[in-house]
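Note that chain A is present in both complexes that follow, paired respectively with chain B and with chain C.
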Partner chain A sequence: MTVNGDEAVAYAVKQSLVDVVAAYPITPQTIIVEKFSEFVADGEVKTEFVPVESEHSAMSACVGAAAAGARAFTATSSQGLALMVEILYIASALRLPIVMAVVNRALSAPINIHNDHSDAYLMRDSGWIQLFAENVQEAYDTTIQAFKIAEDERVLLPVAVNLDGFFLSHTLENIYMLPDEVVHEFLGGYRKVSKVKVDYFDEEVPLALNPARPLSFGNLDLYDYYFEHKVQQVEAMKSVPEVVREVNEEWFKLTGRRYGDGILDPFEVEDADVVLVGMGSGVGTMRSVVRRLRKEGLKVGLVKLRMFRPFPFKEVVEVLKNAKVVAVMEKGVSPGSYGPLFLEVNTALYDLKSRPALVNYVYGLGGRDLVPDLVEGMIRGLFKELEKGVFEPKLRYLGVRE
Partner chain B sequence: MSQQAGWRSLPKAGVTFRLSTDYKTGDWRALKPVIDYNKCTKCMLCWLFCPDMAIVWDGENVVVNYDYCKGCGICANECPVKAISMVPEF
Partner chain C sequence: MVVKTLPEFPVKKGEPAYKLWLFEPGQKVEMPLVFNLRQLAETRRPALLPGHRLCAGCAAPIVVKLASFAFRGPTIVVTATGCLEVSTTIFPYTSWAVPWIHNAFENAAATASGIAAAVEAMKKTGRLPYEHVDVVVFAGDGGTFDIGFQALSGAAERGHDFLYILYDNEAYMNTGIQRSGGTPKYAWTTTSPVGSVLPGKMENKKPIAEIMVAHRIPYVATATPAHWMDFMKKVRKGIEVKGPAFIHALSSCDRGWRHDTALTLEVTRRAVDTCYFPLWEWTPETGYVLTDRSLAIARNPKLKQPIEKYLELQGRFRHLLKPENKHLVKELQELVDAAWEELLRKASNAPR
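And now, the complex of A and B:
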């Protein structure tokens, strides 16, 4: 089927037996909500669609719905995500397996509707699982997988599916879709609420709002228990890689498609001297350049990161330990520091006895194109630097005018 | 404070795991209301105004449940016969 990235997500949500969708339109996410509200209006889904007045309310409605045991979905971008931030922390701390499509867009000011990863980095510490899609097919696949990951008993955390604004959201691609029944079976039907043991019931009760077995959510939790509940969230994150891998494998059996091990996808890294690390749609451009340069005999490789939170430290070390230079390709910027992705890769590699040199390339801010020539020039430059052995400065910009 | 559980045994999501009455909330009080029963007319205005249901009727008198009273002083302020005085906790 030929769809753009937003439509692909809307179709995935349609097939995923979602009970509640609450959303507010914002470019470049709008098509998801538009398309989905069409499905609702045409009676193609039984989903309750809540057209709210802001993103703060969209996430709040999802929190309420998920706390009542519903499978909930929303989508947003940029400023909309920024407006949600307060509730993002609540969703993850209340252990609500909400799925949200984040159609990545630059943050204001200056106002810009195009793609970079500033908004994804904004929610970095909110306790959400963050997955990145490289193309429209992956956006569709990941959206369905996200429900399974979020609702896993070992996880119970919300998932953000990141797809690059316009590059994916508005780009038509031919993708394979599964029949509805196959998706239903993959997800095990409607959401199953997990159980919880509390002192005042002598049985395990559903971890959801339920008049028959009342629980109160969102309680005051001061210095006596807040710390313990945060540790629970951190510990739940530890089970995520295992679950993502399992879901990736299960998806492979079903569709013949998989994305590396679900966490990261290495390309030509075994003997590579220069390795690029990136996330999102830019990885496609980088891969085509790497493939071309490999034909010339340049030892260059690429690691596509699919999971940014929890950050796969062990896996990153494993795949980068033999490289001589690692170029972290960053579609975001942290004024006064290096990019968030760079800091993570840096942290991952620090414990190695002999570690690769690291450089941080900021590219594509505000939707600027990452053209193949730019990547090629960058890689050739890195090989020249490799001969000299000096890599300064560490923070560089790709495609900015002097 | 009641006996404290570690993160492994705490229910997820911060849902309360005991009845709300098991959580004693009177420990941040600085001033406590003391009722002078010679003045008290049992008009129940203190009971009516208490924001925390910390004032209860024991069948004969109005009494303060210090496990939950936060010492806000509304009862003392509203008492028409000035039967309630706020005295320092410590």
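And now, the complex of A and C:
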């Protein structure tokens, strides 16, 4: 089927037996909700569509719906995500398996509707699982997988599915979709609420707002419990890689498609001296350049990172330990520091006895194209620097006018 | 203490008073309203259990308990951030005998929208084990007049089925008595202090119930815990209508209003007696209808008390009773009279 990235997400949500979709329009996310409204208008879904008055309320409604035991979804971008931030922390701390499509877009000011990853970085400490899609097919696949990951009893955390604004959201691609029944079976039907042991009750009770076994959600936690609860939330992240891997494999059995081990996807890294690390749609461009330069005999490789939170430190070390130079390709900045992805990779590699040199390339801010020639020049430059052994400055901009 | 139970009450006979409210799936529950005090005491348990840490003399728990006496069956309660929330759910304890959620300060109505949508979705897909699950919000004036207004207005416009009960203590009491959009004119608060130049808050109180009427939702009412029978009837009406309902309950705060803890209900009673806070309800079909004491005052204007009767009980208005501030009291009296006259013109059951 030929769809753009937003439509692919809308179809995935339609097939995922979602109970409540709450959303507020923001470019480039709008097509998801428009398409989904058509499904609602045509009676193709039984979902309750809540066209809220702000993103803050979209996430708040998702929290209410998910706490009541429903499967909830929302989508947003940029400023919308920024407005949601307060409730993102609440959603993850209440352990609610909400799924959200984040159609990545630059943050204001200056106002810009095009793609970079500043919005995704804004929510990196909010306790959400963050997955990045490289193409429209992956956006579709990841959205369905996200529900399974979020609702897994070992996880119970919300998942953000990131897809690059316009590059994916508005770009048509031929994709394979599963029949509805297959998706239903993959997800095990409607959401099943996990059970929990509570002191008051003799039995395990549903972890939901349930009139048969009432529980209180969102209590006041003072210094005597807040710390422990926060640590529990952090610990829950530990089981995420395992679950993501399992879901990736299960998806492979079902569709013949998989994305590396679900966490990262290395390409030609075994003997590579220069390795690029990136996320999102830019990885496609990088891969084509790496493929071309490999034919020339340049020892260059690429690691596509699919999961940014929790950050796969061990896996990153495993694929990068033999590289001589690692170029972290970043679609975001942190004024006054290096890019967020660079800091993570840097941290991951610190414990190695012999570390690769690290450089941080910031590219594509506000939707600027990453053209293959630019990547090629960058890689050739890195090989030259490798001969000299000096890599300065560490933070570089790719494709910015002087 | 063992509470005797009537058959319709969803608890087995002989269970202790602090048991949670359990509604077994598939069970038919439709609790009738009870106005006989003895029956009420013997058969009804509030949804807010003993042991909460609200101040002595706070009206909020009275508002919640009275409201819960009027719940009709399975109910989910949402609370905005505020006194009520922080004092009833200090982990690992909770005072709520019904399923309860607190999300944030400004989004109680949006959270309720999500819950109402979830209930609707589960009903549509045949997964709701009850005939109905009611959603009731309790939020203070800050979470309603001010920061929470956008979410409330949005939820009202979208028509979700929930009852929003505003317990209005007329300031940000949880953070230490700062003025809110619900604080009345000339009241003292810590951010509208009485100084040598300013006599307290200089702005009028936002007419929140009338703003909700302007949303044309199915049911809007005002109430006080002192007029408990009136309040319970209104809560039940608000729950039973399909769509959003809003109740503005005046809820005195002895700490912030500076009155004796024993005067909680007397203060709200005088608010009605002086027509400072008239009791009415509004539906699209009936328009404004006066209820309870306010209807009595409309029929017999001699019952109407001067505003001083309301002001004199409260330290936050103490400065107004000084001789040099007579003109301010006069101004307040004129404001109250004008609003009351307007209400009499609008109310369909006011004597002409």
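In this section, the second predicted complex is superposed on the first by the 402 of 402 C-alpha atoms of A that agree within 3 Å, B and C clash if a C-alpha of one lies under 4 Å from a C-alpha of the other, contacts with A are read in each partner's own complex, and residues count from 1 in each chain.
Quick note on the criterion: a residue touches a chain if its C-beta (ideal position, glycine included) is under 8 Å from a C-beta of that chain, and two chains touch if they have at least 3 such contacts.
As the structure is a computational prediction, the values presented were derived from the model and not from experiment.
Chemist: Report for A:Thr47: first if it touches chain B alone, second if chain C alone, otherwise both or neither.
Modeler: After superposition on chain A, A:Thr47 lies in contact with chain C alone.
Chemist: Just checking: does A:Ser60 make contact with chain B only, chain C only, both, or neither of them? Give me first, second, both or neither.
Modeler: Second partner only, chain C.
Chemist: For A:Tyr225, decide between first (touching chain B), second (touching chain C), both and neither.
Modeler: A:Tyr225 sits against chain B and chain C alike.
Chemist: Per the contact definition in the header, classify A:Phe217: touching chain B only (first), chain C only (second), both, or neither.
Modeler: both
Chemist: Looking at A:Tyr200 after the superposition, I want to know if it touches chain B, chain C, both of them or none. Which is it: first, second, both, neither?
Modeler: both
Chemist: Could you figure out whether chain B or chain C reaches more residues of chain A?
Modeler: For chain A, the partner with the higher number of touched residues is C.
Chemist: Give one of first, second, both or neither to describe whether A:His184 is in contact with chain B, with chain C, with both, or with none.
Modeler: A:His184: touches no partner chain.
Chemist: Between chain B (first) and chain C (second), which, if any, makes contact with A:Ile90: first, second, both or neither?
Modeler: second
Chemist: Is there a shared patch on chain A that both chain B and chain C touch, and which residues make it up?
Modeler: The overlap between the chain B and chain C interfaces on chain A comprises residues 200, 215-219, 221, 225, 229.
Chemist: Write out the stretch or stretches of chain B touching chain A in their complex.
Modeler: Within the complex, chain B touches chain A at residues 1, 4-7, 10-20, 22.
Chemist: Give the list of chain A residues in touch with chain C in this complex.
Modeler: Within the complex, chain A touches chain C at residues 19-20, 22, 46-48, 50-54, 56-58, 60-70, 72, 86-87, 90, 190, 200, 208-222, 225, 229.
Chemist: Using the touch rule from the top, collect the residues of chain C that touch chain A in their complex.
Modeler: Those in contact with chain A are residues 20-25, 74-76, 78, 85-86, 89-92, 94, 96-104, 106-107, 109-115, 117-122, 124-125, 127, 129-130, 133, 150-151, 153-155, 157-158, 160.
Chemist: Within their complex, state which residues of chain A touch chain B.
Modeler: Against chain B, chain A makes touches at 93-96, 156, 194, 196-200, 207, 215-219, 221, 224-225, 228-229, 231-232, 235.
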